[in-house]
Amino acid sequence: MTAEVIIFFVFAAIAVVFALVVVLHRNPVVGALSLVASFFALAVMYVLLEAPFLAALQVIVYAGAIMVLFLFVIMLLNLQHVAEPPTRPIQQFLGYTSCAAFGIGLVYFIIKYAIVGRPAAQFPSTARDVGIRMFEAYVFPFEMVSILLLAAIVGSLLLSGRTGQGKAREVSR
Amino acid sequence: MPILSTFLWLPIAGAIVLAFFPKAAIGAIKGFGLFVSLATFVVSLGVLRGWDDGQAGFQFVESLEWIPQWGIRYGLGVDGISLWLVLLTTFLTPIIFLSAWNSIHKHPKEYVISFLVMETAMIGAFLATDLLLFYIFFELMLLPMYLVIGVWGGANRIYAAVKFFLFTIAGSLLMLLGIIYLVFQNYHQAGAPTFEVTQLYGTELTATAQLLLFFAFTLAFAIKVPLFPLHTWLPDAHVEAPTGGSIILAGVMLKMGTYGFLRFVLPFFPEQSMRWANLMIALSVIGIVYGALVAWVQPDMKKLVAYSSVSHLGFCVLGIFAMTQTAIEGSILQMVSHGLSTGALFLLVGVVYERRHTRLLADYGGIARTMPVFTVFFVIAVLSSVGLPGLNGFIGEFLILAGSFQTHPVASVIAASGVILAAIYLLWLVQKVFFGPITNEENRSIPDIAWNEVAAMIPLVVFMVWIGVHPNTFLKKMEPSVKHLMTTINGPDASGEIRVADRGLTRNQQPATSNSPEAK
Amino acid sequence: MIPTHWFLILSAILFTIGVMGVLTRKNGITIFMSIELMVNAVNLTFLAYARQFGQTHGLIFVFFIMAIAAAEAAVGLAIFISLYHHRDTIDVDEANLMHW
Amino acid sequence: MLNTLWLIPILPFIGFLLNGLFGKRAGKGFVTAVAILGSLAAAVAGTIAVYEYQHTYHHGERHLNVVYEWFNSGGAPGGAGGIGADIAFQLDPLSIVMLLVVTWIGFLIHLYSVGYMHHEEGYWRYFAYLNLFLSAMLILILGSSYLFMFVGWEGVGLCSYLLIGFYYDTNHAPAAGKKAFIVNRIGDFGFLVAMFLMFAYMGSVDFAKVQQVAMGGGISAAVITGICLLLFLGATGKSAQIPLYVWLPDAMAGPTPVSALIHAATMVTAGVYMIARSNVLYRLSPTAMMVVAIIGGLTALFAATIGLRQFDIKKVLAYSTVSQLGFMMIGVGVGAFSAGVFHLVTHAFFKACLFLGSGSVIHAMSGEQDVRNMGGLKSKIPITYWTFLIATIAIAGFPPLSGFFSKDEILASAWSTPYFPGVGKLIYILGTIAAFCTSFYMYRLVYLTFYGKFRGTHEQEHHLHESPPTMTIPLIVLAVLSVFGGLLGLPHVIGHNFLAEWLHPIIPEIPGLHEIHIDSSVEWLVMGLSTLIALAGWFLAMRLYKERGNASDVAFEQRSPALARAIENKWYVDELYAAIIVRPLAALSRFFWKGVDALIDGLAAMLGYVVRGFGEIMRFFQTGNVRNYALMFFVGVLVFIAFFV
Amino acid sequence: MNLHPLLGDNYLLAIMPELVLCGGGMLLILFDAFAPRLKGALGPLALIIFLGAAWSENLYKEAAHFFGGTYEISPITRLFDLTFLLAGMLAILFARDYLDREGIEGGEFYALISWGTVGMMMMAKGLDLLIVILGLEILSVCIFILVGYHRRLSVSNEASLKYFLMGAFATGFILYGAALFYGATQSTNVGMMAHWFAQNQATPLLTVAFVLMMSGFGFKLALAPFHPWAPDVYQGAPTPVAGWLSVAPKAATLIALVRLFDAMEPMLPKVNWMNMVAALAVLSMIVGNAVAIVQRDLKRMLAYSGIAHVGYMTIAMLTVRDDSVAAVSVYAITYALMNIGAFGVVSLLIKNQNDPQTLDDIAGLGFRRKFYGFALALCMFSLSGLPPTAGFISKFYIFKTAVESGHTTVAVIGILTSIVSVYYYLRVVYYLYMKEPAEGHVVAAEGGVFAVGALMIAMVGILWIGIYPGPLFNAAGYAARVLLQQ
C-alpha cells in the first residue's frame, strides 16, 4: 500500500466522480467545470504513468484551451440557466442499461485478458524523446495536423458566422 | 466486313444518327428508321447467301478479345437454330415501322430509336456465342421495351411495364449468378476462364449444383417464354404495349426463352433436363390448354391473342423438352411461325384499335362489311394461327406433336387438343368482331386498312404461305445443327436415336421392316 | 509501480461514462463534452500501454489525438453556435427536420 | 396429264385466286367465266388423266406423281423414314371414281349456282370459295398420303366454314359455320393422333407404305384398332356421324347449291372415302369395323327419325343426308367397301338433285323454306317437280333406280358380313327401319311441297315461276344420273357389278381373311324386303299427306305433343351438348382466368408488399433524432460484441 | 535531397499530390480573400489544382514505403488517389453551378474539398493506424463543414450537426479499438500488426477491439445498422457535397479496411470476425434496398441505395484476394461516376433547397430536358446494374469474386436484393419519361457548361467501363496483386 496506490485511487475516484457529474448534472456550466476537474485527475494519472510532459500538455491544452472554449461558447449562448427537459424514458433506460452492460463486459475482459506483468524498464517520454520521434517517422502526419487545424479554423469561421436571413428561410416539413 | 457485326450494329448506329434529327422532321425520322431497318434486313439476308447447309456448328463466326481477364470474348456466330430467329427479328422490325407509320404521335423519334436499340439487342442475343455477351443483350432488350410499354402504352401501362420488367429481371439475375458459378466451375476444370458457350458444354458439376443451376437458367427462360405459372405478366404487357411493342414482344422476345432452352439449358444440363423433362412438359401442356381456355373467355382482343401466345409457346417448350429431333425442329419452326402469325394478329388488332380506340369484342360485330380487305387479312392470320394445313402454323405444330409423340404420347395427345381449342377461341374472335349484323353505329364508318398496313401485312402473309407450302426451305437449314444438338445432349453414342426412347416407343427408321414394341 | 490494467479499467469506466452521457443527454454541448471524455479515456489507455511497452509512439499517438480533439472542438462548437442561430436552442432533439 | 396431276387441283385454285383478287371489281361476267372455266377445266383435266391412266397402267395399279418433298424431319440422311410427307398425287381406281364424281358434279353445281346466286351481292366471293373448295376436295381425293390428304381434309372444312357463313351479316350463318369448323376440328384431332400413331409404329403415312407395313404384320392389333378408331373419329366429324353429326343440319344456313355440293355430294363423303382408302387397316381390326358399322347404323336410324318431322325443306334433306351417310358407314363398316363407295356415288347423284331441286323450289317461293307454307307446286314448276320426284324415288329405294341397288347391296352385305355375323343382322334391321323412314319422310316432303293446295302468301303465289335453264339443266342431268346410276353396280344375281370389279384392286387379299360372300337367296330376299319397305313408306306418306297436307302433322302433335316436340327439336341433342360440354368448359375457363391467374398475380404482388412493408417498418427507425441514432449505433456494437465474443 | 534516412528517397515527389492539394486549398482561400470579385474563377482554379494533383501522380511510379514505413506509394494507392480526384473533380464541376445559383460561392468550399481529398489519400496510403485515423479526421472535419456549408439552410445545419455528433462518437470507438489493438499487438503499424497476427492467438478482448473499430468504420461506410445518419445528412447537405460524400470517403475507408483485413489475414481463419462483416453487408443490402423503395425524396433514396451499394462492395471484401481488391476498386470508380452523376442531376433542380427534392420534381424531365433526363436515366440503369453500363460490369465482378471465394449465400442475397433495387431505380426512369408533371408543379432544371461537362464525363465513363472494361481491370488487377504481395 504505497503512496502511489493511494494517489491512484484518490484521483481515479475524482476522475470518475466528476465524469459522472458531467454526465448527470443538468447545468452545462457545472458540467464543463467538473470535466475540467476530471481532466486534472487524468493529468495526475499521466504523471503516475511516467509521462510528465504529456500531463503538462493535458493541463494546458485540455483544461486550459479546449474547456475554456466550451465555457466561452456556453456563456456566449448563455445556456447556463437553461434547464434541460427530461428525455424519453426508453432512451434513458436503454442508454443506462446498455452502458452498464458495455462497461461491465469491458472491465471483465480487461481484467481477464489485458496483459499483466511488469511494465518495461524505462519509458522514454521526455519532451526530447517525443520530439525526436515526432520529427523522424511522424513528420508527415505532424505536418498534416496543421492542415487539420487549418481546416477546423476555416470551418469554425465559416459556420459560426451570422447567416442573416437564416431564420427567414426556415422551412419545416 | 464481317456480316454479322454489320447488321448487328447497324440499327444502333442508325439510332445514334437519328438522335441528331430535328424533333419536327417526323416524316424523315420515320423514313430513316424504316430505311435503317430495311437495310438491316437486306444485309442479314446475306447470311443465307453464304450459308453452308451441311455445317452443324456456328457459321460466320467472329471472335475478338473483349475482357481477356475473364476470358470473355466478343463472339458472334449463327447456326441452324438461331438463323431463322435472327432473320425473323430483322424481318419484323421494318414491318413494325410500317404498321406504326401513322399511329405514333407522341415522341416519334424516341419511339423509333428505342425500337432500333431493341433490334440490336435481340439480334445480339441470338448471335452471341459468348455467355456474357448473350446475357448483356438479353438484358439490354428489357430497357427499350420497358420504355416502349411505359411511354407509348395504354391506360394501365406503368403497372404493365414494371410487372414485365420485374418478372423478367428477377429470373435473369438469378441466371446471372448461375452463369458465374458455371463459368467458375469450368474455370476450375479447364484451367483457363472462358465464357464460350461451346466450351462450357460438358462442364462437370455436382448433382446439387446441376440442379440449382438448371433451375436458375430454367426460371429465367421460363419467365421469358412464359411457361404456365409464370405467364401472368404477358397479358398485361401485351394489352398495354403499343402495337409495335406487342409485335416485337410476341414475335421475338418470347422466343428468347425458348431459344435459351435450346442453346443453354439442354446442352448445359442434359441430365437434369432429362430428369425434369416431364415437369417441363407437364407445365407446357398445362400452358397450352390453360392459355387456350382463358383466351376463349377474354373480352379484350389483345388479351385474347396474348393468351393464345401462352398456348402456342407451350407447344414450343413441349417440343424442346420432348427432345426428339423432329420435335425440336418443329418448335424452332413454330417459334418463327408464331412470330409471323401472332405478329400479324397484333398488327391487325392495332389497326382496328387505332380506328375505334376500343379492343372489346363487344364493341365490334359485322365490320367485315365495312372493312373487307382488313377482314381477309385477319382471317388469314387467324387461320395460320389455328394451324390450317398449307399455312405456317400447321407444320410447326405437327412436327412438335408428332415428334413428342415418340417420347411422351400422352402429353402430345393432350397438347393436340389445343388445336381444337385454338379453333374455338380464334373463330369465336372472328365471329364476334367481323360477322353478324352491325350492332354498333360507330362500326358503320370505319376506314378500311391503309396502304402502309397492307404493305406491312403482305410480306407476313407471303411467308406464312411459304412456310406452309414449302417448309423444307427452313427445315433443311436447321437440320444439321439440331442433329448436332441432339448428340450434345445424348452424347455421341446415340446420334439419331433419342436416349429417352427406352420407353418402348421407338420409331423405326425403315418403314418396310416394322418393329413395334411387341415385335421386339 | 501501479499495474497497467488498473489504468485500463479506469479508462474503460470513463469511456463508458462518456458513452452514457452521449446517449442520455439532450444538451448538445453536454453530449460533446461526454465525447471529449471518451477521447480522454482512450488517451489514458494508449498511454498505459505505451508505458507498458516502453514505446514512445504510443505517447505520440496521444498527442495527435489531442490535436484531433482540439480541431473537433473548434468545428463542433461552431456548429452548435450556428444551430443556436437557427433555432435558439442547442437541444439536439429539436433538430428533427429530416426523418424517415 | 398424268405427270402433271397437280394441275387438276391447281386449275380451280387459279380460279379462286383470280376471283378472290379481282372478282369484286371485274364484274359478274368475268367471275362467272373464271369460275365455270375453273371447274370445267378441272373436270376435263381429270377425265383426260383417267383416260391416260387407263391406257398406261394395268387396271388397279397406283399412279404416283410426286411434286416435291413437302417436309421431312428426323429421318435418316436423305429423309428416309423421317416424319413428314411429299406433295404427291396418286391415281388409282378409288380416287378415279371420286375424281369423276367430284369434278363433274362440281361442274354441274357451278353451273346451277350461276343462276341461283345471280342476285347475290357476294357473287364473286361465292364463286371464289366454290373454286377453292373444288381444289381442296381434289387434293383430298388425289393426295397420296394421309398427311397430304389431311391438307385437303382441312381445306374443305375451311371452305364449308366460309360458305356456310356466306351470309355473314346474319347471326345464325356465321355461328353455324363456326360450329361446323369446330366440330370438324374435333374429328381432325382424331385424324392427327392417328397419324402420330402411324409415324410412331409404321414410320410413314403414305397410303401404300402404311398398307404394306400393316399387311406385313407385326404391328399389334391394339395399335391398328387405335389408328382405325381415331381415323373414324375424323370420319364422324367430316361425314356427320354420331356423335359429331350436329353441325350438318345447321350447315343448311349456307346457300342451297353449297348444301348440294359440299354437304351432300362431296365433302361429307370424305369420311367414307377415307375409310375405304384405309380398308386394309380396318379389315385387320374387326373391332374397329364393328364400331364403324354400329355407329353407321345408329346414325342412319337416328337421323331418319329426326327427318320424320322437320318443316324446313332443307333440314329434311340434311337429316336424310346424315342418314344416308350412315348407310355408307354401314357399308364400309361391314366390309363391303365397294358397296359403300357405290352408295356414295348414287347418293351424290340423287341427293345433289334433291338439294338443287329444293333450291329451285326455294327460288320459286322467293326464299320460303318452310314446307308448311308450300304445296301444290307440281303444276307451277314442273321440271323441278319431276326431277325432284325421280330423285325421291331413287333415294327411297325403288327398283330399278340407283338408290335401290346401292342401298340394297349395303343391307345385303350387312346381313351376311363374315366379320361379326350376329351384329351384322342387327345392323341390317336398323338399316331396314331407317330405309322405311327414308321412304316415308321423302314422300312426305314431296307431298307437302308439290301436292295439295298452295299454303303460302299471295305475293309468293304471284311470284311463282320455273327456274332458268342454268338451274334446270343440272337438275335434269342429275335426275337422269340417279335413274341410271344403279347400273354401275348391279347385284350379281341380276347382272354385272362394274364398280365392285373396278374397285377390287384397292381391296387387296389379306391372308386369313375371307371376303363377304352374298348368296343369291339372301340377295333376292333383301331386295324383295326393301322394295316392300319402300312401298310401305310411300303408301303411308301418301295416305297421310297427299290430300291432307300438313294437317296430319298437326294432328300428330295434338296426339302426342311431347314426342312431336322432341323430334322437332332433334331429340334436344344440341341442348345436351351445350349443357354437358360447352357451358362447363366456359365456366372452367372463367375460373382459370378470374381465379387462378388472379391468384398467381396476387402471390407476385404479395412479395412486393412484403418488401415494401418491411421498408416501411425499417424507415421508422429513422426517427431523425440523432440520439436515437447514437443509441442504435451503440446497441449495434453491443449486439455484435455479444455475438462474436 | 534527403534530410533523414527514415524519410525515404525523393519523398517529396511521392507526396506531391497531397502537397499540391494542401497548397492549392490555401491558394484558393487566399484568392477568394483578395479577389472577392473573381468568385467565378474559383471553380476552374480548383479544377486546375485537381488536374495538377492528378498529373503529379505520375511523378513517382515505383512502389515504395516512406517515413519509416508508415506511408506507402503503390499502384493501388495511385488508383484510389485517382478515384478520389475524379470524385472531387465531378463534385467541383457540379458545385460550381450549384453554388453560383445558391449564391454561396466561396474559396473555402473548394479548399475543403481538396483537403478532404488529402485526408482520403492519407487513409489510402497510411500504413500506420495513426496516419489512417488522422486522415480520417481531416476528412471528417472537412465533411462536417461542407455539409453545413449552406448556412442559410436549417436542414444543412441540422445535417452537419447530426453528422458531427455521430462522427465524433464513432471516432471515439475507432480510437478505442485502435488503442486496444495497440495494446495487443504492441504496435500501430499495419505491417507489424500483421507480423503479430501471424504469430499469436486472438483474445476476446481483441475481438472487442475489432468490433469497436469495425463499427466505427462501418459508421463511416454507412453500413447498417450504423447507417441512420446517412439519409439525413445526404438530404441536408448541399447536393454536390452529398454526391461527393456518398462516394469518396467510402472508397477511402474501404481501402483502409483492405489493408487492415490483409494484415489480419493469418488470424482470420481462427476467428469469426468476418462473419460480422458479412452480417453488416447483408443487413446493409437488405435494409438499404427495402427502405429505398419507400422513399420519395431523391437524395434520401440515393442515400439508402448507397447503403446497399456499400453492402455489395463489402461482399467482395469478405475474403481479401487480389480479385476482391480489384473488384472493390473498380466498383469504387464506377460508383463514383454513377452516383455523383445522379446527385449532380438532382443538384440542377431549381427549388428551395430546404425542401426535399422529390420524385415529382423530375416528372417529365426526360422529355423537357433531354440531356439531363437521359443522364439521370443512364445513372439509374447503371446503379441498378443493367448492361451495358459500368454498374453491370462492376456488380458482376463483385458477385463473381464472392462466388469464387465461396460466399455464394451472400451473393444470392445480394442478387435478390438487387432485384428489389431495380424497382426503385426504374421508378425514377418512370417519373422521367412516363409521368407528366402535376399542374403548376414544373421544376426547372438549370445547369451551365460545367454541369454538362461533368455529366458528359460521368456518362462516357459509365458506358466506357461498361462496354470495354479491359484496361481498367488490368490496372486494378495489377495494383491489387502488388498490394497483396508485400
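Worth a mention:
By letter and in written order, the chains are A, B, C, D and E; residue numbering begins at 1 in each of them.
In this section, a residue touches a chain if its C-beta (ideal position, glycine included) is under 8 Å from a C-beta of that chain, and two chains touch if they have at least 3 such contacts.
This one's a predicted model, so the numbers in the text were calculated from it and none came from an experiment.
Common neighbours of chain A and chain C under the contact rule above are D, E. Central chain (C-alpha centroid nearest the global protein C-alpha centroid): B. No other two chains have as many C-beta pairs in contact as A-C.
For chain A, the chain with the farthest CA centroid is D.
Of all chains, the one whose mean C-alpha position sits at the greatest distance from that of chain E is D.
Chain D and chain E have Cα centroids separated by 79 Å. Centre-to-centre, using mean CA coordinates, chain A is 71 Å away from chain B.
Chain centres here are Cα averages; for chain A and chain D they lie 103 Å apart.
One finds 44 Å separating the Cα centroids of chain B and chain E. Annotation for chain D: residues 608, 619, 622, 624, 626-628, 630-631, 634-635, 637, 641, 645 touch two or more other chains.
Looking at chain B, one finds that residues 166 touch two or more other chains.
Among the residues of chain C, those in touch with two or more other chains are 8, 15, 18-19, 22-23, 26, 31-32, 52-53, 55, 57, 60, 64, 68, 71-72, 75, 79-80, 82, 86, 92-93, 95-99. Pairwise chain contacts in this structure: A-C, A-D, A-E, B-D, B-E, C-D, C-E, D-E.
Residues 105-106, 109-110, 112-115, 136-141, 144-145, 147-148, 150-152, 154-155, 158-159, 161, 163-166, 169-171, 173 of chain A touch chain E in their complex.
The touching residues of chain C, counted against chain E in their complex, run 8, 15, 18-19, 22, 28, 31-32, 35, 38-39, 41-42, 45-46, 49, 52-53, 55, 57-58, 60-61, 64-65, 68, 71-72, 75-76, 79-80, 82-83, 86-87, 92, 95-99. Against chain A, the residues of chain C that register as touching in their complex are 1-10, 12-21, 23-27, 29-30, 32-34, 36-37, 40, 43-44, 47-48, 50-57, 59-60, 62-64, 66-75, 77-82, 84-86, 89-91, 93, 97-98.
Touching chain D in their complex are the following residues of chain C: 19, 22-23, 26, 31, 92-93, 95-100.
Here chain D touches chain E in the complex through residues 608, 611-612, 614-616, 618-619, 621-622, 624, 626, 628-630, 632-633, 635-637, 640-641, 643-645, going by the rule given at the top.
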